[in-house]
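Pasting a structure below so you can have a look.
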Amino acid sequence: MASTVPAERDLRRVIGDGDSVPDGEVEGLGEQDLLDLYRSMVLLRTYDERSVVYHSQGRIGTYAIYWGHEAMQAGAVHALEDDDWIFPSYRESAIGLLRGMPPATILSWWRGHPAGWWNPADYNLASICVPIATQVPHAAGLAWGKRLRGETACALTFFGDGATSEGAFHEGANFAAVMRAPLVLLCNNNQWAISTPLSAQTRAEALVDKAVGYGIPGTRVDGGDVLAVYEATRDAVSRGRAGQGPTFIEAVTYRVAPHATADDAKAYIDLERVEEERANECVGRYEGYLRRLGVLGSELEQEIKAEATAALRAGIAAAEAEPPPDIGLIFEHAFADPPASFDHDLAELRRVLDG
Amino acid sequence: MADKYLVEAVNDALHVEMDRDPDVLVLGEDVGRSGGVFRATAGLRDRFGADRCVDTPLAEAGILGSAVGLCMAGFRPVCEMQYDAFSYPCLDQLITHVGRYRWRTGGKMTFPITIRMPYGGGVRAPELHDDSPETYYVHTPGIKVAIPSTPADAKGLLAAAIRDPDPVVILEPKLVYRTERGEVPDGEHVVQLGKARLAREGSDLTLVAYGAMVPVCERAADALDASVEVLDLRSLKPLDEGALLASAARTGRVVLVQEAPRTCGYAAELAAILAEKALLDLQAPVLRVTGYDVPYPYWTIEDAYMPSVARVVDAARRLLDF
Amino acid sequence: MASTVPAERDLRRVIGDGDSVPDGEVEGLGEQDLLDLYRSMVLLRTYDERSVVYHSQGRIGTYAIYWGHEAMQAGAVHALEDDDWIFPSYRESAIGLLRGMPPATILSWWRGHPAGWWNPADYNLASICVPIATQVPHAAGLAWGKRLRGETACALTFFGDGATSEGAFHEGANFAAVMRAPLVLLCNNNQWAISTPLSAQTRAEALVDKAVGYGIPGTRVDGGDVLAVYEATRDAVSRGRAGQGPTFIEAVTYRVAPHATADDAKAYIDLERVEEERANECVGRYEGYLRRLGVLGSELEQEIKAEATAALRAGIAAAEAEPPPDIGLIFEHAFADPPASFDHDLAELRRVLDG
Amino acid sequence: MADKYLVEAVNDALHVEMDRDPDVLVLGEDVGRSGGVFRATAGLRDRFGADRCVDTPLAEAGILGSAVGLCMAGFRPVCEMQYDAFSYPCLDQLITHVGRYRWRTGGKMTFPITIRMPYGGGVRAPELHDDSPETYYVHTPGIKVAIPSTPADAKGLLAAAIRDPDPVVILEPKLVYRTERGEVPDGEHVVQLGKARLAREGSDLTLVAYGAMVPVCERAADALDASVEVLDLRSLKPLDEGALLASAARTGRVVLVQEAPRTCGYAAELAAILAEKALLDLQAPVLRVTGYDVPYPYWTIEDAYMPSVARVVDAARRLLDF
């Protein structure tokens, strides 16, 4: 007998192929909203492409590329209100751009510079999470806390397909379900965990099936379709605000880029598949949609892209203008009231380095 | 002032602090409906409601991880780990996030998390109910650690932990939960972290301990025909280094007592501090009386494993005869 | 759209109620097998009831009572071959009895005496696992290893409803699925984790739903029906041997006893429900079945119960006859080649204790 | 003999040991298809097959927990943790089972598990790719710990770990993975655990280190106008206590160097041993040069955090002038 909480297996799509598959539309999204979404995607894309260049120029350190995931990221965040919280993984390092964070802040993070620190409360955006899946319980706790306070804010957390294998994902998802926390569990199924394919990560036919075990609704969307992601996230958020607890969204994408600038994917990835996916990448798909809708002309497109490029140019300049951090920072911020031994350690360190 | 057992003092502190600050929230396994397997949280659910004394799913990393998020929502979570050895699943969250998140925000966001748990051996329990895990916590940057030995300190240190802007781990000596009894101040009572307690003054030798080893050292002091000082550290991080060095300077002979396995135990840290800063004061080697570098034994022989009055006395005599 | 790996939600049952619900039967089980099952249940029941007495007499330490879970335990183990491995939690501490382990060994474990140690390879039975759910990855590894060796042996692990919330359960179950390990994941859903009810543990309507997320089959049985548990386990085992990987079985029971001798369940449990469940306890149900089948008469019943009582009487005597362990044991068995410091530590310890 | 980088020596050891013993099996994240993020396991999957060099799901407790079961099936699992800080999710399995299971069976069943991981800082990486977690491992009963500093020892210690009947953690200094280069014996090469290496003899002062801190100490020795001994411990547990005490007796001045945070770091254990057993040999305090009790800093300032030649030299001078 089938479970009574069936996960939706069909890929939700809105954008057509400009041919046999017709375009759909998302109720409530006006022209301005559609263009805002586009601006966000372009900004994310520009940040990513510039970062790869900056890395090759030695201007930032190792960088986790997200090329091709812009629709998934922008679609989700646009479905949130500003007081909703975002818990990103390193793969969504630039998501703050969609919350008004200066590119320089994120570039500084990748430059190993403390100017990359921010106060999560300033953007309702948690710090970039490096250990896989460990941000999921944080998001569950925040969402639970908001419910306890009677606030309407929700939380959304991004994590990958590989992350679903971690105990931290499991414990966080279950906590959210049990506490009826308004949380969107957004799984970016790009089908690779570094060199490990999804088939070596799980036997589930679809990651959305995991929702069933937590007794929460799950839905599956084409992660390259920004409007589908937007709609699915909006539905999940409204469920959360209505006190119905968390929702699991599997956004199906593909990692067309190496895991990070340090990684050589050729060793393991199927290059033909990569080419196919690249040809069908999400920004181009959305541009086609907007053009068919007559909302985007090449002039506006150029203008938006120029804006983004300018923002990044200014961003890297600002990041590089940051003065080198003082080593005193080593001893700051670990505690509100650092022990006296820290002063002694710092004094000694300065003496040694100066002499 | 009221006469209380140590575990009752813990319960008292929780009542007072939850009453004082509506943002304080207790979460853990079985802390609510049953009031905790040691009854440390008894009465909280009835008094403050199921939303402020929460029976969580059985998942320690989930408990501590969601506490991080609760802090972001403005709460001061007090997490109970049901037993010492069952806190290990939360070490990953502790090391990678709880100890680092404030730093990660440039000090702009605080994480006033308290983690409290019963710890230590001697209770005739099946395996993994007997560990002394302080090293795992003390070694972790960004984490404070306190271990009370008296009911008054159990209340005062827990209150200090709950009010502290940073994460604090409180290890409660379960062996003496219902044997150590003493005067506990009514209402608000805070014992500042980082201040040791001179349990007994002396001039010939110093016994340094914390938690359940303090009464052992006091009995050892009684058994010795010498003037023995007993220093109850109370707070391991921050450490009251001044009190340690002052006592070592007074007596020149120091025995460090810990229940945990020896290698890299907290006594090693204390010995290292003495070897660096008190070398010229020392009139004899620094001895450690500790648990051994083996799995905590079956309880039929656990008394031989635990640092005992006899072992402490023996070490002290060796130093006095040095 | 429904998941394609639906978990079976209906409770599988074989034993009727002697009234409107007719008795079923399990193909392949002869009279002797039925009586062997009964003997195992009686032995487990006797061990449990005697242990509670021994505890009250101060002859064993704290003890985790399993009264009412005998059908779940015996049914599962009888479906295994001797070379299949069992990974118990503390709740199945006496499961070794069904593998020929002397009662004295298990009683010694609860007496905190090293005579309670055993070599897992002697019984294909792992040590009693105290930390919740941590035995699940062990069982996954053993089962995976057996497959790698081309052996037909499977593994079965017992864990509770609360255990399903732990990351260790999740990681172990997923490993087993991915490695196609011949593993039976047997969840004893007795609906309580100490004082925490199932409703505070998960939002899943049935724990068997968790199977879906791992892409493995799941089935749900009446844990008080020894034949249903036997049959479900036998099916799972044959799936495993056929290379089809793990199966999740939810055995629905109820914890009618306190969590352990130390626990006072009255504080939180529904006593009426407990009475109902006690009235319908599994040994009595099976006796009714055997009587209706004409396989069990009161004489044979008395004989079997007397055997079990005698075994326990002999067992506690043997356990109490064990000489107190030498403290030298503290330093043994941690390492194959203990460091010299252990000899020194032991010598010093003996000197102190003797003088 | 062949000239190899340290990480190549690790790879060599894995090839030799897997070739030698069909029960040896490598498992971890990305160890197979890609040969590991540092290429330490490169070539193993092609050579020995996907069943003996296994890309596991992304779950460290699952990796170590299933390794326990693999041992019960007669295998000798070699688990890779992708980075130091990503080994923390496996600490629960390590402490509650890996270090105790042999004991739990009365010594009748062995658990020949090797856990290897790159550790340490200085590599200009984002946070949590820089930790030195040895204390968590060394403090845990039933666990052995070794840390090589040369390619030859990287091969020999790993081989010893794989052949050891008990669980061994090998921390590989990733900072020098591809800078430390040296002669590595071909074929089978085993360096017994528990034997320190006198990297350099001297009579005035001893620098004690392991892993990536050994080359730092050697450069510091060069910079000092004194006869400096450099002791490379190689194995932290078991410790070659004799070598430590002998060197302390020779020089009377000891500086202990470790990259990990100071409190309860391994240098504390070494200092405690000296304070107990070498007090009369010591002509000066025992100094520790360590990482600090703070989260490992952002990499723009990590060089100031790491124990440097300058800091070691400074500590040494203070002792020489004492």
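Observations
Going by the order they are written in, the chains are A, B, C and D; count residues from 1 in each one.
Everything below uses one rule, namely that contacts are C-beta pairs under 8 Å (C-beta built on N, C-alpha and C of every residue); 3 or more make two chains touch, one makes a residue touch a chain.
On a predicted model such as this, the values are computed, not experimentally measured, just so you know.
Taking each chain's centre as the mean of its C-alpha atoms, the one that lies farthest from the centre of subunit B is A.
In whole angstrom, the spacing between the mean C-alpha positions of subunit A and subunit C is 44.
Subunit A and subunit B, compared by their mean Cα positions, are separated by 40 Å. Between subunit B and subunit D the centroid-to-centroid distance comes to 30 Å (mean Cα coordinates, whole Å). Taking each chain's centre as the average of its CA atoms, subunit A and subunit D sit 36 Å apart. Shown for subunit B are the residues that touch two or more other chains, namely 56-57, 59, 61-62, 85, 88-89, 92, 96, 99, 103-104, 127-128, 141-142, 292-295. Residues of subunit A in contact with two or more other chains: 114, 130-131, 165-168, 171, 174, 178, 200-202, 334, 339, 341. Chain contact topology: the protein chains form a complete graph, every chain touching every other one. For subunit A in complex with subunit D, the touching residues are 61-62, 90, 109-114, 116, 128, 130-133, 162-163, 165-168, 193-196, 200-202, 262-263, 267-268, 324-327, 329-331, 334, 339, 341-342, 345, 348-349, 351-353.
Note for the complex: subunit C touches subunit D at residues 85, 114, 117-122, 126-127, 130-131, 134, 136-146, 148-149, 155, 167-168, 171-172, 174-175, 178-179, 332-337, 339, 341.
Those residues of subunit D whose C-beta lies close enough to touch subunit C in the complex are 25, 51, 56-57, 59, 61-62, 64-75, 89, 92-93, 96-97, 99, 101-110, 141-142, 144, 165-166, 194, 238, 241. Residue ranges on subunit B touching subunit C, taken from their complex, read 29-30, 32-35, 37, 55-59, 61-62, 85-86, 88-89, 124-129, 292-295, 297-302, 304-305, 308, 310-311, 314. If you check the complex, the residues on subunit B that touch subunit D are 85, 88-89, 91-92, 95-96, 99-100, 103-104, 127-128, 135-136, 138-142, 237, 260-261, 263-269, 271-272, 274-277, 279, 282, 284-288, 292-296.
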